[in-house]
Structures are given as C-alpha cells and as structure tokens.
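One structure is given here, and the rest of the page talks about it.
So that you can tell them apart, the chains are marked A, B, C, D and E in the order they are listed, and the count of residues begins at 1 in each.
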Amino acid sequence: MSEKKTIPAPLANEGLPPEERGLFCDAAPREYEPARGAWERFLNWARSESLWLLGFGTGCGAIELRPLMTSRFDMYRYGIQPRPTPRQSSVFVIGGYASVKTLKRIVRSYEQMMGPKFVLALGSCTINGGMYWDSYNTIKRIDQYIPVDVYIAGCMPRPEALLAGFQELKRIIKSGGGEGQNEYARNFDWYKANQKKVIKDWNMPDYNW
Amino acid sequence: MNELAKELAGRYGARGWHDIRKDLASVEVDAIRIRDVMAYLRDEAGYGHLSFMTAIDNIERGAFTLSYALRDHDARRGLIVHADVDRAEPTVDSIHLLWGQAWTYQREMREWFGIDFPGSPRVDEEFVLEGWEGPPMMRRDFDSLAYSDATYAERPGRVTHDPASHMREKLYPEAAQ
Amino acid sequence: MDIKDFIAPFAVWKRAFEKPFTVKKPIDERPGAPRYRGFHMNDADACVGCGTCEAICMNNAIDLVPAAGREAKDGDSGLRPRIDYGRCCWCALCVDICPSGSLSMSNEYVWIDRDPDVFRYVPGVEAKPWDGSALGYRRAEGYRLLDEDRVPMPELGHAEAVASFLELVRGYSRAQAEKEADRCVSCGLCIASCPAHMDIPGYIKAVRDGDMDEGLRLLYETNPFPEACGRVCTHRCEEACSIGSGGDPVAIRWLKRYIADQVELSDYAKALPRGAAPSGKKVAIVGAGPGGLSAAYYLSMQGHAVTVFEAEEAAGGMLRYGIPEYRLPYPALDKDIGYIESLGVSISRGVSIGKDIELSKLRTDFDAVYLSTGLPVAYGLEVPGEDHPRVLDGVAVLARATRGEELGLGGRVAVIGGGNVAMDAARTALRHGATVDILYRRREEDMPADADEVREAKAEGARLVEKAIPLEVRDAPDAAGEAALFIWNEATMVQKEPGKRPVPEPIPGAVREGRYDSIIAAIGQGPDLSFIAESDGVPVKRFRPVVDSFGMATRAAGGAPVFAGGDLVNDRKDAISAIADGHRAAIGIDRLLYGKGA
Amino acid sequence: MDATTFAAALDLALGREKAAVAFYRELSAMASFAAQKSTLAEFMAMEEGHVAMISGMKAKGSVALSPTVAVDLGLAARMDAEERPTAGMTFQDILVAAIKKEERSGVLYERLAEAASQPGLKSVFERLVAEESRHKRYFEDLYESEISKDN
Amino acid sequence: MRREKQRVIPPAERATPDLDSGKYLVMWQGPQHPGITGNMSLRLVAEGDTVVDCETHVGYLHRGFEKLMERRLYMQNFPLVCRIAVPEPDFNEYCYAAALEELAGIVIPEKAVWLRTLSLEMMRLASFLMWIGGQAGAFGHGTIAQWSVTMRDYVLDLFEELTGGRIYHMYIIPGGVRGDVPAGFYKRVLETMAVVEKNLDDIELVMFHNAVFKMRAEGLGYIPRDWVDHYGITGPNARAAGVARDLRKDSGYLAYPRLDFQPIVGTESDAYERARLRLGEMYQAIDLIRQIVDMAPKDGPFRERLPNPLYWRIPAGETYVSAECTRGEYGFYVVSDGSDKPRRVAVRGPSYTHAVSVMERLVRGVNIADVAGLMVSLHTYPPEIER
C-alpha cells in the first residue's frame, strides 16, 4: 500500500451511450488506507459486529436466509441484519450459482456497496460451478469476478453452516484480514476483463459507484 | 379411434391419435392448421386449459416438433397436439389471442429454439437470456459443455484416471504398445 | 371489518410468556440428523477404486486419483475417489451405487474456508474430522442401485448330472444374458487380472447392446477360444470384479460363452477380421493346445503359414484330454478349433516331437518355432507302494475318458489331491457309477481347485476327506492287484511361520486306511522336456524354458528362433494364460520375422 | 576351541558336501536330456558353493552359520525310500533325491552333535544341522510349489 | 360491499404511456428486492403512485435445466430436478419419477406410494408456511414470518430425519423412495403437526383478523373467473376464483383417491381470499398428513428395483405427468427416444403464467406499495419460469 501509485486513466464507460457517460463515476476504485493501530482494531471490531447483509438472494442459498432472519436462528443477535439496498450493506452473500444475467447485477451491487465490504460464497456452485458445471448460462467460479472472503461448503449449507461462516468472517475482519475490497481495487483491470468476457452486453458504467 | 380423433382428422387432417394413458392422448396436425385446431379444441372440444407449449428438436429429420399440451378439466383428460415445422425456417402461427399466456411460451421458443411466431407480443425480446450471442441453446447441435468450457473459467487441478488404463500402466505396461 | 379486526392482532402479546423458538447455540446444539447427507467418508480398505461413483456423479465432482500407499493389484486399481466440493450436490447417488459399499456420508456439515482450493479431498485417505462418524447417510437396507445378485445360471440338477456326461451348465437365454450384462459397471478392474487382458467391459457392452458380432470381434482380439474359455476359464476376472466386492461378481465367463454360443461358426468369418496377405514365412508350433493354437491364430492373422504338431490324435490339448465333456462338450471346443483351422492353419495330428520329428529339424525347416507342449507328466504320490497297479494318474484317466476307453475304475475310488484335475477325475468317476472319496492334505479352503468345482463335486456325492497325509499304498489283503488299501495320517493345520500358509502336521497315531478299487493320484503335473537337446540352444532352468517377455527362448545360430509359452513356462498353468502366452509369442514372432525391433 | 577337533568336524562336513557334488555329477552323467542336466548343474553349483564356504570357515577358524533351524515341512520324512534315478528322471525324481540327501546329512550332524562332549564342537554340529535344515527346506519349498501343487 | 368496490379489472390491452411526457416514473422492482419472491424484476411505469404498465423480466435464475437434462442419464437427472423449484423440490422429484415410471412401465410398491404422498403433503405445508410469512411481510406484518418460518423449519426437521436433506430431499427416486421411515418417525410427525396447527391458529387470529391486512389485501389483485381458462390459472389462484379444480382430486394420483378431502374453493378471488384459502390448505395438509400416518402401510418394500442406472434406457415415447403443487399444476413433459438420456424434458410450472401474464395485467392500476403484496398473493417462484 505504501508503494507509489500511478493514477490510472479514467474509465471509458464505453458500454453507455455517449451522453450518459458523464453521469457516472469514471474513476477506478481505490484501496482503503487503514487507520493506525488501535483505532483500526477498534474499527475492525465494530465492522465485524455489525454485518449488514445485502438482501439479494442470488441463488438457491437465499432460501436458508429466511430461517436465519427469523426467530429460530435469529441472526440479529450476532449483529447481522439484512438491508434492502447495497448502499447500506457491508456483506454480500452469493447464494450459489450465478447466471450471467445475475452476475451482472452481482457486479453492480457489489460495486455499489459501501466499503469495507465482504463476500460470503455459499455452496459448490460458487467454488467450481457445482452441478451446473456444464451449463451455458452459469459461471463456475465467482472469485473470477468479485473477491470472496469466506466459502461455505454444502448444497445447500444449513443455516448453522452459514452462521459458522459469519463467525469465520468476523474472525477474519477482526484480524484485519478482510482484504477483498482492496484486492478488487488492486486487480480491478483483471476483474473487469473477466466480467466483460462473460457479460456480453455491457451497458453499465465500468465502475458502478 | 374416438369421436374427437375422427373429428380432428376430418376437419384438420389430424393423424396418429395415440392414447398415452387413459387420461392423456397425443395427436399430430400440420403446423399450418395449428391455430385452427387449437381454436377448435378450445371452443368446441372442451380443452379450455393450455398447460404448456414447447418444442422438441428432431434434428435427425430436420424438424422441430411443437407440443401443445391441453387439458379438459371437466372431462379430466389431456391432449398433446404435435406439429412439425421445418427446422431451417421455423415459423408458426401465433396463438396468443387464444390464450393469455401463450405469448410467453412463444417468446421462450423463439429464444430457445429460434422458432418464430409472427405477431406474438414481444416475441423478439430477450426472455431469460441477456446478451446471448450463441445459437438458440435448446437446439440439439448446441453443445452446452463446450460453450461452458470456452466461456467460463474452471478451477484448475482436476485430473482423473481411468481404472483400467491406470492398472495397465502399473501392472502390465508392456501391453500398452 | 369489525372491532375484532382491531383487537385480535394483540393476541400476539401472549407469546411474550411462551418459550421462544430460538436455538441458543445453533452450531453446537443441532447436529445433522442421523441420516443427514453430510461430508463423504470412504472405507479406503474396502474401496476397490472402480470409479462407479465417478460414472454416476452427474456433477462431475469425482476424480479417481492414486492414493498414497495403495498400489494397483488384482481387484483394486489403487485409485481412490477424490471429491470436489466445488461440484458436489450431496445427492449421495455415489453412496447408493458404490459396489463395495465403502462410500458413506457423515452427518457433519460445517466446512468453512477462505481458500476455495481446499474443498477437494480423498475421503478415507486424507484424514478429516468427520472420519468414522457413526451417524450420517448410509444407503437403506435393501436399497442399492446395483443388483448384487447374479442371474442364476440354469444347470442340470445334481442327480441328473451324475447320470450322464451332458453339459451341466445350460447357458443364458438372451433375457438372462442382458440382465446379467446390465450388472456390469464397465470399471475395467477385471482387465488387468485376465492373463489375456481381454476387453471384458467391451464385450459385456456388446451383450447389453445385443451386438453379437461386435462381441465376437472383441473376444477374438485377445482370445480365439471363447467357447472353451466361456465354459472352463479360471475366471480370475470374476475375482477382481468390482461388483463382487459387495455381491456376486458379474458372470463374465458365462457372458463370454453367451456371445460365442449365439454366433454360428459359419457366420464367424463375417464378424471377424480377415488375415493379412501371405507373408511367405513359415512357423512351426509344437502342441495343439489352447496356447499353441492361439499363437497359430494370431500368426495366421499376420499372414504367416502355420503348421501345428500335435502328438495326440485330436487337437485341443488339456481342453480336450484334461477337461471332461460335461464341462466342455467337444462340439464347443471343435468350434473354436474349427475356426482356427478354417483360416488355413494346418494341424499335423499324431506327430510327436522328439520321436517322429526332431526339434532341430523344425528349426531348419521353419522360420520360427513355438513350443507349447504343456505338462503331460503326472507326478507320483511318492509314498511306499505308489507303483501299485491300482494307483492311476489323474490326467491319464481323464484322457482315457476322452478317448472313450473303458476306465475300469471299480466301485470305490479315492482321488488324491485338491486341484481341478482331482475334481474332474472325481466327477468323472462319479459319472461312471463309483463312490468317490477325495483326500486332500490340507483344508477345503486351501484347495487350489475352483470353489465351484469343489462345491459341485461334493453336491454330486463325492466325500471330501480333508487333512489326509498320504502314507502308503498296500495291496488289499483279499484282492491282490485288484484293490488297494490307501493309508493316510490325519493332520492338524499348524501355523508354523507367521505370514505363510499353515502346514499340515500329522496327528500321532491317527492313521486311517481305506479300501479302494482305484486310487487316482492327482497331485501335480510336470513337463516332458526330453525333446529339447542341448544343441538346440534353448535355455532351461528347473525344467522350464527360460524366455523373454515375448516368450522367446533362443535366437541362437543354427536354426530358427524358438519361442515357448503356456503351462510349460508360466506359473498360472491355466488355459487363459496359455492363450495369452500364445498371443504374446505371436506378436514376438511377427516382430522378429518382420525385423520390427526386439 | 580345540583346533584339531574343529578342523576334523569341518573336514567331515566338507567331505559330505564334496560327496554331494559328486552325487549330482554322477546323476548328470546319467541324464538323457538338457533340462535334467541344467537342473542338476544348478544344484551341483549350490553344493560347490557350500564346499567353498566350509573351506573358508576352516581357514578362518570360525563357523559363520546361523543357528536358526528352518521349519520342517515334513515332506522328507514321508517320502518313499530313495531310489536311484534313471535316465528318464523327472524334476520330481531329482528333487526327491536332493531332499533325501539333505535330510540324511542333517540326521548325521544331529547324531554327531549329540555325541560331541565339547560344548564348542557341539555348537559347530548344531549349526551344521541348522544349515542342512535350511537346505532341505529350500528343496521342500520347491517341491511344494513345483511338484505337489495340487496336494 | 366494500370489496366489490375495490375490485378493478385491468384492461386486456396494454396502455402505451408516453414516457417522455414527464408524467410517468419508470422504476425497476427487483431482482434484489426483498418484497419479490425469488429473483425476477418488474419494470413498472407509474403515474403518481399508481402503476399503469408493467413488464416482467425473468431469467436471473436460468440454469438451462432442460438442456442439462438432455446431457445426463435418466438417473443422473434425479438430483438435478429438485433444484428447479427451490422452496418446493419434492414436486419436481415426484413428477420426474412418475413420468419415467410411466414410460418404463414400472409400478411402484404400495409403501412408496404412501411415502411419496406424505412427502408431498409435508412439502406443501412447508412451502405454504414459507409463503405466508412472505405474504404477511409484504403487507408489513413481520411477526407472522417469525412464527411460520420456524414452523416450516420444524417440518424441514422431519424431512431431514426422513430423507437426510433439509432443502433438497432427493427422496422420491424413480422406482419408489429412498428409504423407509425411521423408528418413531410418525409419532414425531404427529407431534410436529400439533405444534404447527396451534401456531396456525395464532396466525389466523393475528393475520386474518387484522384490520391492516384486510384493508390492504381485500379487493387487491382480483382475478375474474373467466381469466382462469384464458390464462391457464391453476391451484389456489383458480380455486379462490371459484373454480374447483384440484389435480389431486381430478387426476387421482398417488394415494389421494384414498384420502378424505375436498378442494377448498373461494369466491372473492382477491389477495385476502387467496391467502385465506391457502391457510385452509395448510390445515388440509395437516389433516392429510394425519390420515397418511394412519393409513400408510407399515411393512413391505419401498422401492422397485430398476436396471443399472448407468445404462438405463427408457422405451421411446412421451408423457406428461402433472401434480397439484402449492401453486397449481406442476408438470413434467418427458420425451424419450429410447436412449439412455431423455430427448426432451419440459417443466411446466404454474408461476409461468401467474407471474408473467397474469401479473403484468393485474398490476395495472395498483398502488406501488401493494405491488409486492400482490405478487406474493399469486404465490410465484421465478425459478420454475425460467428453469
């Protein structure tokens, strides 16, 4: 992080009509500069204990979020709660397979989320394509398109496994390891290239912020 | 052969009535008569409910076989109407005026098989896909795995061994030549 | 809408006094149900690495990978399934289909990691916390995707069987064969165990598909004796069969026979490949047994002119003279041999090498010689009185039965030995109306004969006397030369050295005797090598020609190269090994004649 | 250890091994075909190896033989009395002769060991007994695997 | 009557609002909208807070099942089919298995018939419990979901015990079912049913006798009776419009002919009526489960043996098997060409018509705040639209 940064060229937003290009951000994401010592540790503690979940169930996995949100598993007691918009959320749960059409929304939602942001990926489909390994419409590895902090095995993972995943995420954040957002910024060009390879009709800004 | 089969044969040249089970039958008509047949079945024969519409790619004989599944709720029986269309130029009359949901199926078949239904609402709009550049993917000659392999990155490191050839390698390599 | 609609919702308040639904510590308090389909476990010792799990897995989640410390061996590929949790959908079809039943699932379900590359492991080989979990998905009792029971083979009843020399095994009908072929999972574990490495999954597929011509073609690729092997093969393949790891192995042998039985000899030529154009080379083969004739078949397919020299009056070797008719009827054997002869292979019957013609002459007259003379010499009992006139040798008895000669065994027969020859001799004697005792030095489970043979011999009425150490043969007191007393010592099995097989130790004083009209010794056979002179240059060690991997014994100057194979050379001493040797030698000879390598 | 007695004991052994070599040579002369000769030559070479070994021990003045007696498979004891093999002798005949010969040597050394008063000498004979038992076991194993396969 | 007045029958023709006029607001609802069941989006055109036009957009969950099934062996498709409708996988399993059995001429054992029926009714109950939480939530009543989702979880616990799976049960396999009931299972079923029933009583009290819910749901999304045939509406949506169609009665599959029940029929055909009717079907499912527990054979095989799944070929032919799921007619159309893989499998989900054609028309004239509630009241699952 301390290394000298060259200022990247502004994003072209070529997917948009020329008159709309100016309406959106043309700067690439930048890495987060951590605060010093104890203050950053305090921030990390605060972040880890208030995980705000984006209410976007992208695949089968969304079905287990309902029990989590309700009385039996009650995730609120762990500081986790769903939010309706990416702008208020810090955790994105990728609930399994992602069709190309959904991937586009995933990218957009992810980029719109406030930093620091974290991604939890559920099930086989996010790791290596799962049962849709030969489908023409689902991606195989979500980590090609957005950075992922924690993977949870299963199809579907039980709510308890999700909770365990959140605990792991908390642990990672507290130890200052939730680097996904910075990774995204660092490898922005790589992620973009991957995204544009599969999202054929790219009609949104290059960076949706 | 029952009354309806005779009637359909007489009016629309329907053929090949086949009782799949006691409450389900299939029959074949020419694609050009499909709208008339469906209208007749809906209005005169009691088959008021359209369960679904779909197509089968019979690539071997160069045809798409359309399947229209109807149900007569009162008589508690179903009927699947088949019609072949030329695979090279698949165009069929739209029945969206007969049933309120038919246009969606037609839009689906347009996208998935490339079968055209002129006049059907939004028939040329994308349905489930977005930015699809390949051929209609439900056609038999579209290879889903090959497309997936070429398009979506896979996690490396997978390798498997065929037991028989592995054993040959280990136990009697001399036979491998 | 009335007033109730405003008041009723407040009923929710009563819930404040009820026990909440919330689970206090969900991760700890709620283990998976006893049947939960959690993470995979594999009993790596029971697993045979057949890859059926891989075949059924629609997620393409399973790879077969070499497992540390497990080598490929008969009936075990040495591979173990590795499961990719980037693919698995926990459907457990792999558990349901697993032929050995080694795969199962634990009820553990929490596996979290930052690194997506860790979610691949070889259950049972790479240790995981859930290994050995008592709970988790097992396939239900009585529920398997594969049929563990073999389609029963229609056979003659035992009473009927001993009354004649009719073939016991009737063969599968089409429906039966297809049903049996359907049990195969095409894993191919059997191929390595077959000495001829036949394409077993290939021809079983042909049975499933009903394509007999294709089946026959695949059989003849590696074995020109499908009729014979389809009946009497020692079927090592079935011992290796993965289905056998959790049920009856697939009846590979019967299916082979089924294919051959379905095609008429006159239709063979249509199904089988044509031979190459004549090469102008001549090859002599000594011995028209399965090994010699196999070499003849493959050599003639390469276009070489083949002459087979056979001492007996009929071709077939031990298949004809050693195996009784009820196991291998002569027409079936004649069909195999007939096809080979139809390709232009000439068989000189009644010509004995060393007596009628010398090996050195063959070396001069031919471009190559293949020795496949087998083991014609019966070894003796090596006890006092072994040359008593009522002591017969098993192989000779069987050969005389084949020739249709009067056996004159008498009413009470003892068969000494526990090999297939002993069983064949015993069952032949039974068919001649004798009461038969089979005396064996060790236990039934130690017998080298096929378990089926032993079982059938017993079922047909032979009495098995185990742990009987032969001591002496004496003249029967009242009938000198007509009957004999066989005296043996009862033994106990003593494990003298760890890891080796136990030794029969005589029980002092437990000497028994029996009075028999004939005593058939079937303890083992040896080769007759008297026809090989030192000048032939064939290296021999301990009564076995020494050969290279193609069966070549010598290419010394002074004559054509000499190859050898079959029982004469190999350790397995069965028809299929002889066939494999013959095939290998044919390849070797062909390469040599064409100057291809070697 | 008394050198003369030790030497005498080894001389005795040497004598027996040399007799064995002669025995195989004699059989070999009788042999009618190549397979017999090669087998006899092999066994003879083994005995010649023993001759060389015992000569070496005699020169060094110590016996380097394992005292471990091989397990007796009990074949020799029950074998028919030795017959002179004939020109047409089979592998079985040759092996039987070899087993019997090793057995007789063993029995002889056993008797000598019993008779020996000196503990040192006794041990030499006991070691020779063990050595012969191992030779016999070697042939017995061969007999079981090659000849008496089916019983 | 107030409800009469509220009923709006939107015109069949789509309005073509002039979007450049500045009078209209175009807004997208979904795919990441908590009020939308599953992932689909609605492109709404609103005038003020009233929707004047709607286009549905689906495909976010399209995985190409029908293509994938053509690539897989018949048995390999068994784990695949349940994923088509996540909250209600068992109906997929049943329809697929029944279609194969019909084509292959397999008759399943009596016990399997009953266990399948049990599994489907438990699924129906679980699915409705999930739904009712959503329906209440869409009208701002979060408490119901706290109870009903937990009740659903209790039913899922039963499923986990019976099948080894919580969400994807993979229990109804071609040829029968995959396992017998564990010891004491029926007892636990009855206990759970008692708990669920008690909670349903509370839900009825709190949700259906609730002024807010009544005001918002009554008259909303009125479906005239003549739409039922025109749009192919089935299930509770049709029954609430007074059309007494229930495939369980009409087709008489599985053990239903031997069970005592009558289709529940409504008259008002609005969101409230449909919700009420589904509540009734939950009670009905509990009743059916109790009957099944009582009548199911306790012994006998639970599965017919099939040929080796690696080579299982099914005679050429086609069939369409449908079942009454929570939303209506759920069906599998399977075409076999005699090989070991299906030639074509088409899935007929009731949401196909409910969520697209019917929704697009019904939503016209509705207040934006009620769109989510309306959609939930049609009980739609997008994955079965796009497969």
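Details
The criterion applied here is as follows: a contact is a pair of C-beta atoms (placed from the backbone, for glycine too) under 8 Å apart; a residue touches a chain by one contact, two chains touch by 3 or more.
These numbers were taken from a predicted model, which means no experiment stands behind them.
Touching subunit B and subunit D at once are the following chains: C.
Chain closest to the overall centre, judged by the mean of its C-alpha atoms against the mean of all protein C-alpha atoms: C.
For subunit B, the chain whose average C-alpha position is most distant is D.
Taking the mean of C-alpha positions as each chain's centre, the chain lying farthest from the centre of subunit E is D. For the pair subunit A and subunit D, the distance between mean C-alpha positions equals 83 Å. Remark: subunit D and subunit E have CA centroids separated by 89 Å (rounded to whole angstrom).
Rounded to a whole number, the gap between the C-alpha centres of subunit A and subunit E is 31 angstrom. Centre-to-centre separation between subunit A and subunit B, using Cα means, comes to 38 Å. Along subunit D, no residue makes contact with two or more other chains.
In subunit A, the positions touching at least two other chains are 71-72, 101, 127-129, 131, 133-138, 141, 155, 158.
In subunit E, the residues that touch at least two other chains are 59, 62, 64, 67-68, 71, 79-80, 83, 146-147, 150, 168.
The list of touching chain pairs reads A-B, A-C, A-E, B-C, B-E, C-D, C-E. Residues 49-51, 54, 62-66, 71-73, 77-79, 84, 86, 116-117, 120, 187-189, 191-192, 197, 201, 549 of subunit C touch subunit B in their complex. If you check the complex, the residues on subunit C that touch subunit E are 1, 4-6, 8-9, 11-12, 15, 21, 32-37, 52, 55-59, 89-93, 96-97, 105, 137, 140-143, 145-147, 182-186, 208. If you check the complex, the residues on subunit A that touch subunit B are 100-101, 104, 127-129, 133-141, 144, 194, 197-202.
Across the interface of their complex, subunit A is touched by residues 20-23, 26-27, 30, 32, 39, 58-61, 84-90, 109-116, 119 of subunit C.
Put simply, subunit B touches subunit A in their complex at residues 128-134, 137, 142, 144-145, 147-148, 151-155.
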